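Each structure below appears as structure tokens.
Paired with subunit B in one complex and with subunit C in the other, subunit A is shared by the two complexes that follow.
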Partner chain A sequence: MTETESIRMEGRFHTDTVTKYFLMGIASIAISIVFFIILFIFANSTDAIRDVGIVKLFTTPRWAPGEELFGTVPIISGTLAVTAGAMIIAVPIGVSAAIFISEVAPGRFKTILKSVSEVFAGIPSVVYGFFGLMYLVPVLRDLFPDKLLLGSSWLAGSILLGIMALPTIISVSEDALNAVPRSYREASLAMGATKWETTRKVVTPAAVSGISTAIILGMGRAIGETMAVMMVCGNTPIVPDPFYNVFSGIRPITASLAFEMSYVVVGSTYYSALFFLALVLMGMVLLVSLVSKMMVSRTRKRFGEVKEGETVLHKLASKLPVSVVNGIKNGVWALVLFTVVLIASKPWLNVLGAAVLGAAVTAFSISVALLWINKLEKEGRLGADGRPLNASEFFEMLSTKTKARIRRALGLLAIVVLIYMPVSLFYDDVTSVLSGIAVAALFVVWKRLYRKVDSMRAQKVAHTGLMLVMAVTIGILLVIIVRIFVEGLPTVTWEFLTGFPEDAGRAGGIYPAIVGTLKLVAGAMIIALPLGIISGIYLAEYSKDTPLTRTIRNCIDILSGTPSIVFGLFGMTVFVILFGWGYSLIGGCITLGFMILPVIIRTTEEALKAVPQELREGSLAMGATKWQTTVKVVLPAAFGSVITGIILAIGRAAGETAPIMFTAVVAFQSKIPKSIFDPVMALPYQLYYLSTEGIAPPGMRSGVAVVLLSLVLSMFVLASIVRYHYNKKFKW
Partner chain B sequence: MTNVIEIENLNLWYGDHQALKDITIPIKGNKVTALIGPSGCGKSTLIRCINRMNDLVDSCRVEGSMMFHGENIYGPDTDVIKVRKKIGMIFQKPNPFPMSIRDNITYGPKIHGVEDEDELERIVVDSLKKAALWEEVEDRLDSSAMALSGGQQQRLCIARTLSVSPEIILMDEPTSALDPIATAKIEELIDTLVKEFTVVIVTHNMQQASRISDYTGFMYLGEMIEFSKTEKLFTRPSEQLTERYITGRFG
Partner chain C sequence: MENNTKMILAVLVTAIVCVAGTYVAVGGGDDSDGVTISISGSTTVQPLMGIYKENYEKYTGVTLEIAGGGSGVGATNAINGVSDIGMLSRDLKATEATELKATIIAVDGVAVIVSAGTGVTDLTSVQIAKIFSKEITNWSEVGGASKAIAPISRQDGSGTRSCFDDAMKAAYPTYKVKDNVDIKPSTTEVIGAVEKSDKAIGYVSFGYLDNLDPTKSSAIKVDGIEATVENVLKDVDPYPLSRNLILATKGAPKGAALVFISWILSPEGQKLAEDEGFIPVKPTA
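For the complex of A and B:
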């Protein structure tokens, strides 16, 4: 008889349990980083809240630190304005490009176009800023010589930010369109709809939540963008007048932080007011991420994954009494109406008059609605559901025809307003209104004619249009890269790469900046890689849906949405001031490492999750522990994707400016520093410095841009090679 | 009864793989034609050929002719849009659009140029009535179609197809995702629809085929083994393969 081994557990804890808690501990670091970032920013802004007062911070119409005026309105409005403008440019282009990639482009092109838009996303923002300053701004100045003295303006900022938001909008929208079930398309095509009709009336509406998410994520990117807006927006903290004057200079929150932080006395009210701005910025970004989450759950609801009424808002609403919910809904509508009238009448009336008019119009609309309901009630024409209690119910109650008419009228009004605004910057009011009406009329005619067009021909026209948009998008990317290379390449000689800067960076080489960037990136990776990979493993393999893991995930989301300038401020307060390190390599590395951490975590998690479950089961079924399975089976299988993600993260870290400009970098060094507590030079900061100080010859600046761009783009090439290599090796 | 469709020597390849071999059958007007056979036999491929849904597959190549009232569906100057308007299709899994019930029905007429609100309303009522769904949804036309039960969704899909007044309705295993009660309703519906339309149905359920169809084709490995009146095919099959299949000895 053979001895049978007992199956009872030896010792008190299973090794897997110990491993699990260790991994969980590492993963929780993300929570503490978020906690400390918010804590430090909040702690530093309390002085301003106490000295100036929260009301004054939000109501003082001017930001003039010299006169002790800390009104945040002009700066917050700068962020809103530049973001709105960017979206007006990026949304139509981005969504059309996404539709082209997902619905029109043949299979092989899809992959190519998607990688092109990835490259777009990878170009460092300081390079976009450089391009804007060198090429876009002069072009705008020549186009509108009467309006723009300098060229730097809201318009320039929005165009640039629009270009920068494109890749996010394209890739997320494309995913949303791709996720629309094939069965919807089949159903539509089977009824004799053309491909274009299917795209326009079935696929795009079905993907609308996903597309909204894309737009909101693009907005998040635009709100948090620092370097590019700092370089082209005109650096003037004022509210544009009239509010749609795109030629005005503005200064968004991020740019204000980056500009003024270097002049301010640490500990002053001014200093604290800047942190208050950072707090507002964080609030905006959190709001954006919250809204995008709600959108995602709406998408899932749409495709039947979640039952009706399970989104965050619905949950909240179901807890409140119906009357309160209706009160809130009606309040919001009234507020919207009031604001619209207020803003619209602002150019002709003073604030008080506009407010009175707004209130009057709002009150009038409410009374009309009430009278209307009463009349219907008397005539007994209200349905079984009883009288409508909020504005949207009221609207739903109207007949289909009336609803369509109202929508059409609002649409035409919107066209008139949208045309009026830009035209009125050049011509008088009458001409502007007339041209608005003319365009609206043209639109009506065009719609009538469109109905008569043969549907196949319409499809051809539409597809050609989409292709043109795609071509323009790629054209922009090519122009940016080619112009920079053409101008900068002659400068890039062996001496330029290996020499030291001379004459305060005006001449000589950029060797210390290259070395500095490499050191910063290497240091950031030393910090972010172990933490990120371990956290990723925990989330993918070990975590269950507990409050702790949900918190970790939320914190990672927050971290990845946090603007890079906020990381910079955090690094500054902790390493430079609190620890007293001054500008140091190590401070820059840690700051950059924290910033790149969420990228590494996400990459690892997604790569591991893509490994098929059967592989794990095969290993576990042989008595391997979870940790052994993860390390010996899952990780090797996911290795290619993890490495690809890491390489892309390196590229991103190399191009970042805002996190290091207040923690690590200087503009001029004549030797390579030895200690990790010494400051360093870095390529992206050098590019910013040379572009804005206006001292260096153009070739010098473009040379730095070429080196930086080559470094980042080579990471992309490397990543694609790795991806290709591993895709061949592992196939499932 | 006239032949609405005549399929002759139809061959179909997916890349190098031949999925249909020399299919020749007629489809009679105002009758139910059922296609049966084990999975992978090509019955779904064949039904998807009839309104050219296979065009969506890049590697698909078709030879032979498929005449619809004497015009070749695969002719060089055939408008595929018109083909699909005349020949509608119901899919295996109910696939209503994520819109309101009303918008699901008006979708087709609108893309084919109907604008008048009253006309659209008439089509909505008419189609829903014909699809035996009207009574269940008349008071919630503006709520989401996704909230309907599976059987109701499938009848909505039928109503949606009817809204563009097709001549032929193709049904690709329309009840395989439904429970027995919902299935019975659809079968009943097919019985009434056939007075006005021609129905071609693919089913893996032989009882269903024998219950509802007038003609049945038995397919195996891409070939049409036997095609005849349903009654004859199920009682006196002329091929041994057919007999073995319908008696459940393989499949």
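For the complex of A and C:
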């Protein structure tokens, strides 16, 4: 190598290193955003922790700010209840739809069905809420006139949230099913199994971790939803009684935050207690993201992608002595058993009685297990591993037959309980238990009969069933969109689009809201695009598996799981109060920008990663620097996917209400404001305002909904067109 | 080069987005740059303020920025200087009164409304208090149809709620809104819920009574007194549920805020309040 060449090489090395550190710096911004969000939420909740006390916050049975009672249990239980309900609705439908798309639907339908389910994801929360308030709630009230006085209830919230969680569950489950190696299917089919048998017994079990991840992610979405639940849940801060009373009103954390924040005096204990609720919400979201991480690493292990998937928990466990780990495991099992018995017996006993019964059952089960182990040990029948030390080892030790029996018994018990709960809301206990048993018996009979059914016929029935589920799913989407358009379209005239609001928003147009939304989105993009694309480039092209990179990735995950209302509160405390900007366009833009940042980072990263390695190698081999390769080769090749992702992010930003309602928006404007420190009107907030606060004729509200939906849906159409063209052009 | 064209395209698109965005964000368009008064707070006062905004901006170069929030937010924003004026539909609390100066711009009554089909047109304060405390749960107990009562309340901290609570507590000392009473975030939602039901009871500002659909809901007499402006103003046996609507400023109002508030108290401003269903505190035009 000549001297000049070596200098050139060095220079090239330096530029690349500098670039790398610059990119790393930008990517690390995600860490500081997460840090500041948690810091501000925590700092604002310290007053409540100090004045009320952490114990009282969790043990006071009521949330009654007027009486200075800040018990978070009813609110937290609201979030748990509405999420659990949503999952019961969304999981069977979503997983079936995913199976249909992945295993049954013919090739060209797959893409169409996938994009349709994406449209679900794109409908703004406030539009779902509007739909729920206008159509779902009255329907439920008329269906159950004796149970629902007003219609707004846990049930209404869960149905809406279930619909909203569907797209996440469908798309992630579908990916998991697709990831099952082809060889599994081929082996099963080669052995004479039908397609349906293969799906049921090979593909789905192989994808079960991925499907669990999908469910967990769907849960994350449901926990964080704000506008929709707030509009239909009744907002009563109570624990449903009995705990499965879906007709009860509830008030999830997000709803509490969104509408109580309007009434509090900043700096009061009440204000701080709300931030404490936000902190709890963040904790729940973090837990969900941790669990989903563990699931993902398991899935990878399963298909041999990763040799030893280590999670934080595993690492922690390996550091502790074995006896402590076993103690914790057994403790958790005992606690679960205790809680189940406690909750199950609550309708008949008082709390003390239920607790005593729970303790007794737990103690009884532990002693039975211990006695059994002792007996086996005496008879010398313990396996090679010796004495089981924790509950799962104990279960593993049992013979296959016993295990199957226990599973079957638990399954039947679950059926009885699941049938009992809803039936007992209408009829007395005896009838409910009997109907539970009847259904369990039917189930057993059906299982027996099923074995005799010709497997081709079974397949036909199953596939038809799956198709029906898919049809219903699409039907729901159509109903939502069509109803809103039918009612709102007549209002949408040229004057409506270009006029200013009159008579305090009761008449006139929504021009300032349209302009405001465009400004908010443009501003959010100005903030999120450079940061997001550069971070994405860093993660895809430059990062190695270092602690810093892992932290960045984790923070991006946390950001993308952070509920939009938490971004709203963060924006409010920082831009409105701390910086003293008041409600301002720029405050809203920054808040929205932070919210869509993780979407842009992810999209960019994934798009870049999809570019084949050969392109990079070719470029590098020709003497290009890494940066040149990235900018001139990789980025252009990934251009289509990046743009598609950005367009989808624009759609999402345009529809968000919670992040801007406390930072940027006002309900009336008679001029288009000039300064970025002025507040703006915005379509999603206007829809919320008109359907909850302003008094507008129904046509006005639906008109706003139509404009908002059209804006968001046109983004989807645009994204699909870009994707289509791009896919045609580049084929590796 | 295919890639180069793509790249140029990318740069162009980004540039256009950025330029357009900046232009829009910094705001091409309107060019009036006058004084701006920012106002936020009570959702009861908000629609009235919207009317004021339309009329006031026509004659002056002043821009009014009106945001909602609620009475508590109005007071806080005025204290922190986030807003020039805070709107409240309740009197200032002691802690707020140390920093804020209140100007009463109108008086508002709170009407108790029931769904059509409840068969009730007149309730005593005590009966209403018992209904919201869930001590009376069926309309037949107060002379109506035999069906369950669905009470609808507002959130603690709402000005309407605090007016309602004060009156109920005065009539029935153990009055306490039960936790399982539905809570609606705004007056419109209360009206919507009452009108969609046939067994509901709620309470709303007089300013909203014009918006009731008489076939679906109506305001009832409280203690035999009809919910009208005249009855609130009566010296003997006045209508029991009323409160002041307040504009709060940090210290005495000055500058543009003073001019605006004076205009609200002028006969013209008071007439607009009266038209919206509120009770003027000064002579009207």
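Criterion: the second predicted complex is superposed on the first by the 708 of 732 C-alpha atoms of A that agree within 3 Å, B and C clash if a C-alpha of one lies under 4 Å from a C-alpha of the other, contacts with A are read in each partner's own complex, and residues count from 1 in each chain.
FYI, a residue touches a chain if its C-beta (ideal position, glycine included) is under 8 Å from a C-beta of that chain, and two chains touch if they have at least 3 such contacts.
Fair warning: this is a prediction, and the values are worked out from it, not measured in the lab.
Chemist: Looking at A:Ser152, would you say it contacts subunit B, subunit C, both, or neither? Reply first, second, both or neither.
Modeler: Touch partner of A:Ser152: subunit C, not subunit B.
Chemist: On the superposed three-chain arrangement, identify whether subunit B or subunit C touches more subunit A residues.
Modeler: The partner making contact with more of subunit A's residues is C.
Chemist: Per the contact definition in the header, classify A:Met456: touching subunit B only (first), subunit C only (second), both, or neither.
Modeler: A:Met456: touches subunit B, not subunit C.
Chemist: With both complexes overlaid on chain A, does A:Tyr724 touch subunit B (first), subunit C (second), both or neither?
Modeler: In the superposition, A:Tyr724 touches no partner, neither subunit B nor subunit C.
Chemist: For A:Gly107, decide between first (touching subunit B), second (touching subunit C), both and neither.
Modeler: first
Chemist: Which of the two partners, first being subunit B and second being subunit C, lies in contact with A:Thr236: first, second, both, or neither?
Modeler: In the superposition, A:Thr236 contacts subunit C only.
Chemist: Contacts for A:Thr400 in the overlay, against subunit B (first) and subunit C (second): which applies, first, second, both or neither?
Modeler: first
Chemist: Contact-wise, after the overlay, does A:Ala206 reach subunit B, subunit C, both or neither (first, second, both, neither)?
Modeler: Only subunit B is touched by A:Ala206; subunit C is not.
Chemist: Now for A:Ser188: first (subunit B), second (subunit C), both, or neither, which partner does it touch?
Modeler: Only subunit B; A:Ser188 stays clear of subunit C.
Chemist: Could you please specify the touching residues of subunit C with respect to subunit A in the complex?
Modeler: Contact set of subunit C toward subunit A: 2-4, 6-7, 9-10, 13-14, 17-18, 20-22, 24-27, 29-33, 36, 38, 40, 43, 46-48, 50-51, 53-54, 57, 63, 65-73, 75-77, 80-83, 93, 95-96, 148, 150, 152, 155-158, 165, 176-177, 179-189, 191-193, 196-197, 199-200, 208, 211.
Chemist: Contact residues on subunit A for subunit B in the complex?
Modeler: Touch residues, subunit A against subunit B: 107, 181, 183-194, 197, 201-202, 205-206, 302-304, 308, 396, 400-401, 404, 451, 455-456.
Chemist: Which bits of subunit A are touching subunit C when the two form their complex?
Modeler: Touch residues, subunit A against subunit C: 62-67, 74, 133, 137-138, 141, 149-152, 230, 234-238, 248-249, 251, 259-260, 262-267, 270, 501-505, 515, 518-519, 522-523, 525-526, 529, 576-577, 580, 582-583, 585-586, 589, 631-633, 635-637, 639, 643, 665-676, 678-679, 689, 691-695.
Chemist: Could you list, by residue number, the parts of subunit B that touch subunit A in their complex?
Modeler: Contacts found on subunit B: 51, 53, 56, 58, 79, 81-86, 88-89, 91, 93, 95-99, 107-108, 110-113, 115, 117, 142, 146-147, 157, 160-161, 163-164.
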